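What follows is a set of structures for review.
Two complexes are shown next, each including chain A; its partner changes from chain B in the first to chain C in the second.
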Partner chain A sequence: MPRAELLTPSGLGELTAALQRTTSSSRLLAGGTDLVRSMRHDHWEPDLLIDLSGLRELVYVRLEGDRLRVGALTTFAELQTDPLVRRHARCLAEAAARVGSAQIRNVATVGGNIANASPCADGVTALVALGADVRTIDGGGRSTVRPLEQVLVGSGRTSLAPDEAITEVSFAALGSDRRTTFVKIGSRATVTVARLSMALIVKYDGVSGTVSEVRVALGAVGETAFRDARLEELLEGRAAHEESAHLFADGCTDAVRRAIPGRSSLPYKQRAAVGLAYDAWNALGLCDRCQPAWG
Partner chain B sequence: MTKDLLYVGLTYPVHDAWQKVTGELVYGSDIQLPGMLYAKLLLSPIPHGMVTSIDSSAAEALPGVVKVFSHLNSPADVYCRARLTPEQELCPRDETLFSEHVRFVGDRVAAVVATSQAIAEAAMTLIDVEYEELPALFTPEEAQRRDDLPLHPGGNVFFEHEEECGRSAESRDAVVVSSTTTTPRIHHAALEPHVCVVQPHSTGGLTIWSTSQGVYGARTVVADLLGLDYHRVRVIKAPMGGSFGGKTEYILEPVTAFMAQKTRRPVKLLLDREECMIATMVRPATASTIRTACSPQGQLEDMEVATVLDAGAYASSTSDYAVHMCQKITKLYRVPHYHHRSRAVYTNTPVAGAARGWGAPEIVTALEIHMDNVAGELGIDPVDLRLMNLRHPFEVDQVTGMSLGDARVRECLERGAAAFDWSTRRGRAPGSGRFRRGVGVACGAHKNGMFGKFAEASNMTLKMNEDGTFELGASLHDPGCGIVTVMKVIVAEVLGVSPDLVAAGEADTSSTPFDYGTFGSRVTYVVGACAKATAEKLKEEIVTAAADLLHEPRERLTVERGEVHVQDDGQRGVAFRDIARLSQMRHSPAITASVTYYATSNPASYSVQFAEVEVDCATGLTAVTDFLAVGDVGQAINRGMVHAQFQGAVQMGIGYALYEHMDVDEAGRSGVDGFKNYHVVNAPDMPDIHVLLVEHSGDDGPFGAKSVGEIATVPTAAAVINAVNHALGTSLSDLPATPERVLAALHLEEVEGG
Partner chain C sequence: MRLSLIVNGMEHELDVRPTARLIDVLRLDLGLTGVKEGCSEGECGACTVIVDDKAVNSCLVLAGQMRGKKVLTVEGLADDDGLDTLQRMFIEHGAVQCGFCTPGMLMSAKALLLADPHPSEEAIRLALAGNLCRCTGYATIVAAVRAASEQPAEAAPPPPATGRDGKAV
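Coming up: the complex of A and B.
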């Protein structure tokens, strides 16, 4: 019976050496919450499995200048409580807190979330809104950086080469003039896969009471999480009040329609998007418990 | 009555709690035998078709593979997995060990036995099967229409039942309401997966470790199928990590026994979660249409019901289910004329069968949603409408012709409504904003055993050891709800000794007397009554021995707290342990009692439940925010476990109402393979569940106790749906009320699926 060979590098040097031996049938093992389940469920094994758990140097959150750098093996449990993430990328901390169950968050990593490329990945939606860059290392020891959007190719598909491992995600730390949140709808309140998720970042001007430099990422609608430029433009310069929430909700519905035309889940998701938009708007404190207008 | 009881009504841990917590308990999956082989099933990936070829050569070439089984090398004899006794009715034999004609995604096509689980799994993927596909029928509607495409000989509608009694009192100004409710196919979600271990013996016999709810039935099915004498098939009840009906029937026992017999090696068959979900059993999907006529004041005058059950690919117990669905409504309400037709239909979907409540949750959900529609039509409060029609104690159920016993459903409703503050909460406006609150109520009825259908009886032996301890010989099948403890407490109460002095265990056909098993809500009421009768007989034996030792007439002796006293003589008495020790030489070598107890009644058990929900009109998500379950249980034996039964039952019922379903897609696939995509209600989504017990103990159960485990979940889903409808002003009646359906109902649209 075929059995996977397991390599357990304990540093980047050993990782590079291990990556040199990979084929398209090899896999990297981070938290294993998706990979192990897939192997068991679908009865397959990679030819080579590289266990990344020894790479403790890839577990960190650092603020360097205006950039927040997160090691690829940082778990969601760590992101959820990290003071730097909470201060400079609150949407990521909130997304981390909504991933799976406590048991999953204790082992699932931010790098794994990207590499697995699920359209529903909570962490990815927040990172897309944050405009994250992904740093990788390959079997030749070359370290390169590219935008997250270039890594995510489709549902379950990435542009990562077989001998390429994610080492870090980084993004511009949000200043105190930014407000940000992550919201999601699943089929129940907790321990649920997103059926619709959103990360929202705005610059809020307390004097004029308006928002600008809006960034909205939507998840679980289509192949990968994405930013919607029309939705962002719609909010640009809007006042932080109920009317804008209404506008935003309509915009979200339109964005969902554009993203998944004809999909059987569209009738539900376009409506639920209204709730999600209000949840986000209220969470930013741009409105005091605003509600959609009914009938 | 409670004040006179020493042990009954207190709270005890279940008998194996300690072993479960420490990991000491040996579950079926933990059993290891020398030379044991591991089996893996190959399940049909198509919903309907014929197996045209099986090439297992690659699998058989794999080192460690012992044998590959399929229809090519196994008997084509048909059997019914639900059969308990050789002469049982309503058990169509339509299933074989391995299918040549596959009828659902999950049908057993082949199995590998190998020296390890990993080898068996790897070999399974190497079996090459070719199929000739046939058109598949996924709903009872399609299956009834396509009589040109029978899944089994005899057609797709394989069973019909009808009950009719009384004369219509429908008046000219009657208010007529019709409604149709559909309930989904769901997974039982027992934590422990299905498992069976079989050891063959050189004598030709077998020992089977079965996690079923009735070992004698397992013996009957296996022995008959394999042509073995009953005394050569020993079935041991293995500890069980939950069943909820899903392990009632003999799904793994026949195929595992066959493979052990053929390989002459012990074989273990352990399913994974996906296999448990698609390839064992599900609660049947049902559709019930109810038409009622009632007076403008709300008095029921006439009721007409039509129910269709989706049996899935094999009949299993669905025929009996169809009968029982016609026998619940008249336990609950006075209906002058009641007419109920039910039919069971084959479809190319997972096999339906026994599930907690045996048809009661399905029909009561339809009934109680309907009753709220009637209340709405009449402008009457739902509690008032029910009080006008509910049964009174000791009325006769005209369908079964039996007394309902000390039926306290009205008291459950009245006391529950007061405790829940129903009137105030129902009177509050649900709100017009995004989050709307509503409250709902539902009543449910169930039974206590099988008296009226079977010779409902149990048989036990109780012996006193020489040190004054006791051992109960009984075929107990504890699914995890504490049956063994209940029996110990009953015996202890009769004898006036601590339950710690009573030993009881689970069933083993080679050493414990015949009993049907744990189902039909019969255990506390019938088996428990047998334990009480047996302990009472033993107590008489003890007094007889004491009379001999004390040289006193029996009439002068009384039994209290483990001693026999001479009345009016505080000085003279003898302790149980001394009676046992001394009498062995002087009176009788063994103080034992055996009793066959026959049930002579089958009263109703009731539960009335109240739910409060908050519905998010933007996302369609429903949160259950408060819940009260009231139970007419006669007398709680193990009080803490009675509360726990209600809490677990409500958790299942909320899932039934809001989350759980296994709809098949156009390829016949259920789309669920684990708890990742099959959602039960988890702890953060659970409300506090308040439990209120109504205890009158006027029936024949031990100390007046009635059934709990099944009735507890009967009205839950309807209470939740009624609360959602109250919150939204909708009339949702398709379960589960998923966010899609809630939003569609708010926007008055039809929506397909869940």
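Coming up: the complex of A and C.
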């Protein structure tokens, strides 16, 4: 097996020079928690590894106008506690807190979460709900932006070119009229891979007591995290009371069925979706605690 | 590739494979076998070390990513004055049975106390959530960490590390 070479750029200039040398067998290394494990378990080595950890300029969270900008190498531990993320994208802070263990959150990055393209990536589910855009740079030094949904092609697959590195994720900062949360279910309470995850954002009008501009992303159902328009429309303009919670839970079940028809995990995930729907709804704190009929 | 690493206060110049993991270099090149390898995928936490004051799975990062960083393993916890408070509390509370998870547990707990000298029980449990123990049932470990956090000395910063030449690094 040919031996991999490790390049360690310390700035964007050096990064673009390194990207010029990539082939389809090359890989970019951010935190490493997925890639290093994969090389070990699947017994393979890329021809070229570009370690991004020297690019400290890609570690930041900034509010610019109404957009929140997150550098690609920002870790989940940083996102979890960042005051701007907690205020303007709480679902992302909550998702970050549920990623792996403390050890993993200390090194795993938001850019790596996207590029690894796991269907159960917690950060990605929150970013899909937030309608995030992804900025990249390529070997020619060109910087471009496209919607996250266009980057995620399938399970473990992205539209990123071999010489393309994610530099930033950005999205509209949520105002104080938004309520948002991230919930997930796995095989145990913490340090668990999501078997189903959900990020929910609603605009809440405290005067009329109704929700609107609903955004729901589901993760670990099918190839990539996704939003479901029919599910979102269900809640549009609804009063924030128990009836809406039941409607939302039914809608989540239907969305799961539409996403993975006939899949062996469908019966489990449909039922899990009901529980998660109530968890998410209750976390918004809009009305008294609601419970499914069976629970 | 050439790699400069600071481990337990000592500076090392090493020649490593580009894809060598941090745990490989610590155990095989530096003989620091207190770092344990359990699952090799970030579930068990036996390989936990502290990098720049933060707990990290040494099986999930490459040694090459650690250039210029300060790595602390269980071998670096004790100093000339004896065992670290955490180590003494682990012994006192019976938090060590087979011992395989202990170095990782200690390093996760140490990282927690560096960031938060007086953590809540929930914070202790969350900090240790990435470390599996198949013997103790965790209660004694949590009790040991809490006891360490209640010792006045634990809040003090660790003594300055010194390099091979005796100079601080």
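One rule holds for everything that comes next: the second predicted complex is superposed on the first by the 293 of 295 C-alpha atoms of A that agree within 3 Å, B and C clash if a C-alpha of one lies under 4 Å from a C-alpha of the other, contacts with A are read in each partner's own complex, and residues count from 1 in each chain.
One rule holds for everything that comes next: contacts are C-beta pairs under 8 Å (C-beta built on N, C-alpha and C of every residue); 3 or more make two chains touch, one makes a residue touch a chain.
In this text the structure is predicted, and so the values were computed from the model without any measurement.
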item	value
First (chain B), second (chain C), both or neither touched by A:Gln291	first
Touching partner for A:Pro83 - first (chain B), second (chain C), both, neither	neither
Partner chain(s) touched by A:Thr8 [first = chain B, second = chain C, both, neither]	second
Partner chain(s) touched by A:His43 [first = chain B, second = chain C, both, neither]	first
Touching partner for A:Val191 - first (chain B), second (chain C), both, neither	both
Touching partner for A:Tyr278 - first (chain B), second (chain C), both, neither	first
Contacts of A:Pro267 with chain B and chain C, given as first, second, both or neither	first
Residues of chain A contacting chain B in one complex and chain C in the other	37, 41, 190-191
Residues of chain A defined as touching chain B within the complex	1, 37, 41, 43, 185, 187-193, 264, 267-268, 271-272, 274-276, 278, 291-292, 294-295
Sites on chain A touched by chain C in the complex	3-6, 8, 29, 31-33, 36-37, 39-41, 45, 49, 51, 53-54, 77, 100-104, 106-107, 190-191
Residues of chain C that touch chain A when the two form their complex	1, 17-19, 21, 40-43, 45, 48, 51, 54-57, 59-62, 64-65, 67, 108, 111-112, 126-127, 129-131
Parts of chain B lying in touch with chain A, wherever the complex brings them together	62, 118-119, 121-122, 125, 274, 432-434, 616-621, 623, 659, 673-674, 676-677, 679, 681-682, 684-685, 738-740, 743-744, 747, 749, 751-752
